[in-house]
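Chains: A, B, C, D and E, in written order; residue numbering restarts at 1 for each.
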Amino acid sequence: MNWYDVVKAMLPEHLLLAGMVILLTLEILRGRPRDGFVVAFLALAAAAAAALTLHMEGYTGAPFSGHFSVGPDASLAKFALIALALPVVLISRDDFAETRYYVLLLASLYGACLLVSSDSLPTLFLGLELMSMPVYALVLLAQLRADSAEAALKYLVLGGTATATFLMGVALLYGWSGSMSTAVFAAALGSSDTLPVAGVVLVVASLFLKAAIVPFHGWAPDAYEGASVPVTAFMATIIKAGVLFAALRLFETAPVTRPLVDVLAVLPLVSMIWGNVAAIRQTSFRRMIAYSSIAHAGYLFYALLGAGPGRAQAVVFYVVVYGIMNVLAFAVLPRGTDDERSDRLESLQGLYQRRPFAAIMLGIAMLSLAGLPPMPGFVAKFLVFRNVLAAGYTGYAVLGLVASYLGIYFYLRVIQYMFMNPATADQPAGHPRRLALAASLLCLAPAIVLTFFPGWLLDRF
Amino acid sequence: MKLLTVIVLLPLAGFLLNGLLGRRLGRTFVSIVGCGLPILAFLATLKAVLLLQAAGPDAALLEVAYRWASFGDQGFDVAFYFDRLTAVMTLIITGVGSLIHVYSTGYMKDDPGYARYFAYLNLFLFFMLTLVLGRSLLVCFVGWEGVGLASYLLIGFWFEDPAKAAAGKKAFITNRVGDAGFLLGLFLLYWALGTVNMDEINAAFAAPVAPAVSASLVGVLLFIGATGKSAQIPLHVWLPDAMAGPTPVSALIHAATMVTAGVYLVARLHGIYEHAPEASQVVAVIGVLTAFFAATIALVQTDIKKVLAYSTVSQLGLMFLALGVGAYGVAVFHVYTHAFFKACLFLGAGSVIHALGGEQDIRKMGGLWRRIPLTFGTFAVATAAIAGIPPLAGFFSKDEILWFALASQHGGSAALWVLGSAASLLTSFYMFRLLWLTFLTPSRMSHDTEHHVHESPFSMTGVLIVLAALSAIGGFFELPHFLEPLLPIPAVAGSLEHYEHTFVFVAVAVALLGLAAATFMYRRGLARGEALAARFPRLHRILGGKYYIDELYEAVLYRPLHWVSDRVFLGLGDRLLIDGSLHGLAALTRRASGRLSRVQTGQLQWYVAMAVIGVVGCLVWVWRHG
Amino acid sequence: MADTQLLLGLSFVLFALGLVGVMVRRNALVMLMCMELMLNAVILALVTFSLETATLSGAVLVFLIFVVAAAEIAIAIPIVLQLSRQRSSLDVEGYDRLQG
Amino acid sequence: MTIDQLLVYFFGACAMLGGVLMLVARHPMRVALALISCMLSLAGIYAMLGVHVVAVFQVLIYVGAVMVFMVYVIMLLDVRDPSFVRRYSRMLLPGVVLGALLAGALGVSAVRLGAPAIQPGASAAPSYLVQPFSVEFLREYWLHFELTSVLLVAAVVAAIAIIRTGRRSDG
Amino acid sequence: MGEATWLNWLLWLPALGMVAVTALPKGRDSLVRSVTFGCMVLQFFIAAILYQRFDGTVAGLQFATDVPWIRDWGVGYRIGLDGLNVLLVSLTAFLGPLVVAGAWNAVHKDVKLFHVMVLFIQFAMLGTFLAQDLFLFYVFWEAMLIPMFLIIGLWGGERRIYATLKFVLYTAFGSILMLAALIYLVLYTHGSSGYMTFDLRHLSGSQLPLNTQLWLLSAFALSFAIKVPMFPLHTWLPDAHVEAPTTGSVILAGVLLKMGTYGFMKLGFPLFPEAARAMMPVIMSLAVISIVYGACLALVQTDIKKIIAYSSISHLGYVMLGLASLDLIGIQGAILQMVSHGLVAGGLFLMVGMIYERTHSRAVADYGGLARMLPVFSVFFTILTLASIGLPTTSGFAGEFMVLLGAFNAAWPAHLAGNDLPLTLAVIAVSGVVLGALYMLWLAQRILFGEARAPHAPLTDLNSRETAILVAIVVAIFAIGLFPGDPLAKTELAASEFQQRVAGGTIQLGSAR
């Protein structure tokens, strides 16, 4: 065991952990809330920088052979995860002053980073749990809503069920192979035996549940609506990204074969349709985004249909763009004192007149989520469907595209509310906040880069 | 210098000057430009004619202005072509046109749209010259449509009156129907020959190797175009309505020039018709039927201009009769004589209307010969000319038409002759009826009107005199022989060869019979005519209603079109089927959205159950298909 | 000795029983206990497979599951407590304010 | 059939009974007791199979820590809750059916009847004794060991956060 | 400066304009207008220079730029002028300043956003025309939706939200399937040639089996046909036009609709020539149905804008007919007709906007005798009406005539070979000439002639700004109508290449599969 490797390979994680420790120490020592934000932000920034450096260096290392390894791809994914958390932290400041909020956030992020590097199923399991568990608490931390506890319970029970399902799947895979390596999963994909395939199905089902794929999506709309805005942003971006990275880690580059293809295609397809259709009549912004995230989870899992390196490219690019746009949307969302009311879509009416910058940013986010060119969301969608088509699933690709068409309407409806409908009298004033502005600029910059130079990210694979 | 181009462009310059500057620069300027440029064009035409004469009987002047568009090695040139046929037409257009411009300076003196009027008139001349000078059918078509436009503008000149504006629209659209036929013929020719130059078309059809296209089909299609422009059945409906325009316009466009474009076209493309007996037959039959039926309608008209309008339709029918039987030169001859006397008649009518302060109903006229003698004199000469009284111009051309209708080996027949002569008889009758009722019978004018009557200014009467003189002596110019190098005169059936002079007498007799009958009926005024009408009320009503052709079109074409468009296309197609299905899909999606929202019950246990359903379903699926 | 298939069958049945419990029992605490049952079923499967494949990693994972189960309960119980205080009920069917 | 095997069957039957009792018992306390009995039965099985480490920790952690906490909470909340009386949710029938289907589906996929039985203590088998197991655990899996600590810290912070939040929203 | 630089300036000038306008301070509306207008004028001059320097006798792209963009997939920033797009690019650049000038007094709400959107759509339209890369084309193609969505939805009439959603959802649907088809095409080419590229020049070389071609062409055609719009996918157009502000209508009618026909010409037919031949009877039939159907519907409308909107359907039917004829004259005519329709319909919509600004009514029934009240207006309206009808000497005639001539040239051989469908269709198409006159003259007669009446009378006649706009359009109309030779010379080579590629030497027009 090489200690230098242990430190360097896990540097981002270590920095996150250091952040947690410092925060906890501070809480014990002084209990001053303000420090929480600063420390967390610095820890995140350091971790992000570390991940980026590792990626740029092209560092490869496996300090815990067979359990944990780092390559440039993993570092890039970690960088994406941590960097996405930066604006989330920025918009958290006004809602959450407590140190523990940031500790939980960092812990969850730690778990997500673990997923990306895990080489064995126990590591993956721990990463998944470490990522999810703090979020159960985070959902509840939104004291603005009376229903947060309900949302948290729903998330927790379904998450717990998913954990059990995942473990059962791991057990089956383990029973089949006698190994706990993640490679077992990829091997099982090609197997025609029922035991490993059942294991794969159970693992995939648990990932589906964590990523909110129909019919495992029940928790998502309720949890998103019940949680506070920053936590919703966190769930919609980082948790989803983490789950997908976990899936990527499991699937590697192995092709998906016949009976599993249908599982991996039909349920995401149903998700796209379900999410996009159900979102049409929502009146709560967060609930709408929840359904939208259900649909996006569908696209993301669609990307797994394709084989080879294009898979990782598609997933990472999609996750990054989707995450940026979601965070951007939440960053500029006007917030009133009454969370339940300012969450109504109608409160966005006439937003352009009141706060043009916010309206335009939100509009860009919506169009990008809808996947309309020239927004980067289009390139992401393009990548996914290119992979599906390249893998030969023309029918699924066409159906998926048609499903994505269904989603255009409700995104446009948001724009319609903001730009075309007159403002009503009793709307939250929602004055701009500096940190939220910084967060939105933090999202906007990469969005612009990815619009004009998507190759910057794509060529890294 | 490109003489032909100059001839064409002179009136265009007039149009631009008058149209853009006319209102600012005043009436004198407008009059000088408006009349001067057509007169210049006339002079230029004369020069061209001299050049042509020097070049020989079947020579032609050719000027290529520029290439309009090219496709590979083919293309369309804007080129002008001037041979004897063109020369005759151009002279008529610029000559009669100039006269009418001069007349208009008097007639339109007080109209607020004076500049606009002259601009339109010049525009018309421009297009008409393009029509006859154009070498290719395409350039011809430019003029063809253009004169339609000018006609549209001039008919609707007093556009405040919706009826007049509507008449303009009707003229344009009816013409458009014919134009569609013209275009079809043009397309066919271009496909078959790769050219639409008319001289080349004629040559191609005369060539020993026949073009790969049916001459009859082309002939009929082009003739459809001609029926539109020349107001032949079934597209004749627009011409009588076109009298809504100022009277000089009626004289110029709807009597002397534009309406003869169809005749010109057929004569110009005689090469096709010579090889298309079926098409020629169609032309002859349509022509003679038009001549006859229009004449019957003219019998009962009471509007002075309407009578003349139907007479025009009828005369045009006779021209087509001549074309149909292969006597192209004769048809042009009639175009030429008709231009003089019909212009004279219309301008005379204009003078009458001018004198009466706008009154057009002949039942409210009478006894005018004493009050406006100059007008009366010229009108009478022209009436005699159109009726075919020798030795006036109309006599010569009409006589020859009827003769060839009977005797031509290119489709002449007794039936054509009988109908043609009947039309001729009726023409004589209704023209003299007009003359009697307008000028000679005792006055039936209201007191006010009578007080107002005055002779027109010299700018008008002078023109009338010139035209009357031309109507009187124009027939002595043997036009068919002049044109013979271009337009062959058909062979006469052997059995009739020696009876030509006999039929001259028959024709004179017919004209005189008409004169006598009109004199008998209308010498004393309206009474006898009304009595006759009362004896045959149904016939009178049919004639007065112009055979209800307009109503028929309205009922058969326009209303169904409207109904189908409104109810079937818009209501059923657009709204119900297309938009309906789209709205249906949208509603379906919304309902589905509601359903899906209802699945989200908020019940934790149901969510778990959904997940379990998913797991079980996946397991079962994989197991079944594994 | 014992039959692998039988133990595995027991594990599946216990897993299903736990899941059924989550679905059918209205009491939130019972629900949490049923989740524990599911984890126990997984442990049984892992132990069985560890024996069958003669490897240790299954048993190691069991230890991790112990920890995670404890942590999960540690988070779940306060949530349920808070809910029961808010709604003065442990009836999960009543927790349906968020829906649609 | 040896006594060991019989005991395994017996404990298996006990565990199953405990599981079923959890579903039908009315009061949460009874459910907790059923779960405890189920867990103890499973621990028995593990012991019979020779996996003593797991058996011990099953009893220590699960029964000793988790379930005690659970029972404590149940006692804390021992009020007459409607859910004590009406045990079952609307999903009773579909839930049972789905459970049966799931068990069946898993069984069909994974259980091959007639496969060879486990032979614990065979030469290739690893040792489940505490000391060798611990050495192996800490050598090969010390990353996970450390990670569990992070997890537990996070869980503690989460629990505290939830409780604090609840307190504040009350006050 | 290199030649390609000019073209890049042309394309990116509106984008720069967007940035500049965005950077302007709040409330400086007239400054915003001036900057936008200046940008457009500059762009027009660049386009004029490029048009002049474009050499019609040289095959292939001119002023081309080819820079890798997403290297991994072979996507490049590839733009260039060729014979097919040179006229449309010029048209777009020509209409740009007119659109801005036309909206000078019409827009008072959110002026800045409006002009940014106008520049945005200009950018997207030019990009669509210039793109020589399938990916780039698609991006620009779809990018047009967003500004149009806002232009209609923000500054439109009463039912603007319905109309704009209808527009976007209609057009987006077609695009989605096109996306699938284009990815498939690229992947197929990748499979057969071994390297992945979105370069149109390479893609058109791929030999696809007929069945695949048919599927792909159908997907492309759906998207293009919606944009054209062809019957029965046209119902978004009247609503969009009626609800759109003048600017929106002008852009829509002037340029946007040509995207569909351009798409067929640039992508649909040349990429899938065999399928195009096989589908030609269907396309031709739909084109002719559009001609007649549009004209008939225009006949029964009571809203001026709707009449012009339906007339657009009819006129673009001619374009499609010309393209589908696969005859050189027909294709050339189609290109000319696109430009002509852009000018004429654009001009008509501008005029409707001018009168609407004065009276706030678009109902035909509200007007009468404008020729007396607004003589200058009436003159221009008459000229545009006549150009719309296709009177000789106007551009409308040149296009329509050549299209019909081409259709007949193609139809006769088929007729002689025993296939009467093309001939029947061509004859029906000619009847559109009559119908066109019917509805346009009806419109002109109702509003210009008769008893003088209008809401909010007395009205002021056109001011010099409005007159200047219309003079520009009218001059262009007559220039093209009288001297089509010059523009046609620029397109001829490209058109004949198109014809040879699609017709494949032997024209088996209408020969059903």
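Following the convention adopted for this analysis, a residue touches a chain if its C-beta (ideal position, glycine included) is under 8 Å from a C-beta of that chain, and two chains touch if they have at least 3 such contacts.
What you see is a predicted model; the values in this text were computed from it and never measured.
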Could you run down the chains that neighbour subunit A and subunit B together? C, D, E
Looking at CA centres, what chain is most distant from subunit B? D
Nearest-to-centre chain - CA centroid comparison: E
Relative to subunit E, largest Cα-centroid distance belongs to chain D
Quick one: name the chains whose C-beta contact count is the highest of any pair. C-D
So how far apart, in whole Å, are subunit B and subunit C when each is placed at the average of its C-alpha atoms? 96
Mind checking the centre-to-centre distance between subunit B and subunit D? Centres are C-alpha means, answer in whole Å. 102
How many angstrom lie between the CA centroids of subunit A and subunit D, rounded to a whole number? 31
Approximate Å spacing (C-alpha centroids) for the pair subunit C, subunit E: 64
On subunit C, where are the residues touching two or more other chains? 8, 15, 18-19, 22-24, 28, 31-32, 48, 50, 52, 54-55, 60, 64, 68, 71-72, 75, 79-80, 82, 92-93, 95-100
At least two partner chains per residue is the criterion; list those residues in subunit E. none
Subunit D residues counted as touching two or more neighbouring chains: 89-91, 94-95, 98-99, 102, 105-106, 108-110, 112, 141, 144, 148, 151, 154-155, 158-159, 162, 165-166, 169
Chain pairs in mutual contact under the definition given at the outset: A-B, A-C, A-D, A-E, B-C, B-D, B-E, C-D
Residues of subunit A touching subunit C in the complex: 120-122, 125-126, 129, 133, 136-137, 140, 146-147, 149-154, 156-157, 160-161, 163-164, 167-168, 170-172, 174-175, 177-180, 221-222, 225-226, 282, 287
Which bits of subunit B are touching subunit A when the two form their complex? 589-590, 592-594, 596-597, 600, 602, 604, 606-608, 610-611, 613-615, 618-619, 621-626
Could you please specify the touching residues of subunit A with respect to subunit E in the complex? 313, 352, 356, 367, 372-374, 378-379, 382, 385-386, 389-390, 394, 397-398, 401-402, 404-405, 408-409, 412, 415-416, 419-420, 453-455, 458-459, 461
Which residues of subunit B touch subunit C in their complex? 597-598, 600-605, 608-609, 612
Subunit E-touching residues of subunit B, taken from the complex the two chains share: 66-72, 138, 141-142, 145-146, 149, 152, 156, 159-162, 165-166, 168-169, 172-173, 176-177, 179-180, 183-184, 186-188, 190-192, 561-562, 564-566, 569-570, 573-574, 577-579, 582
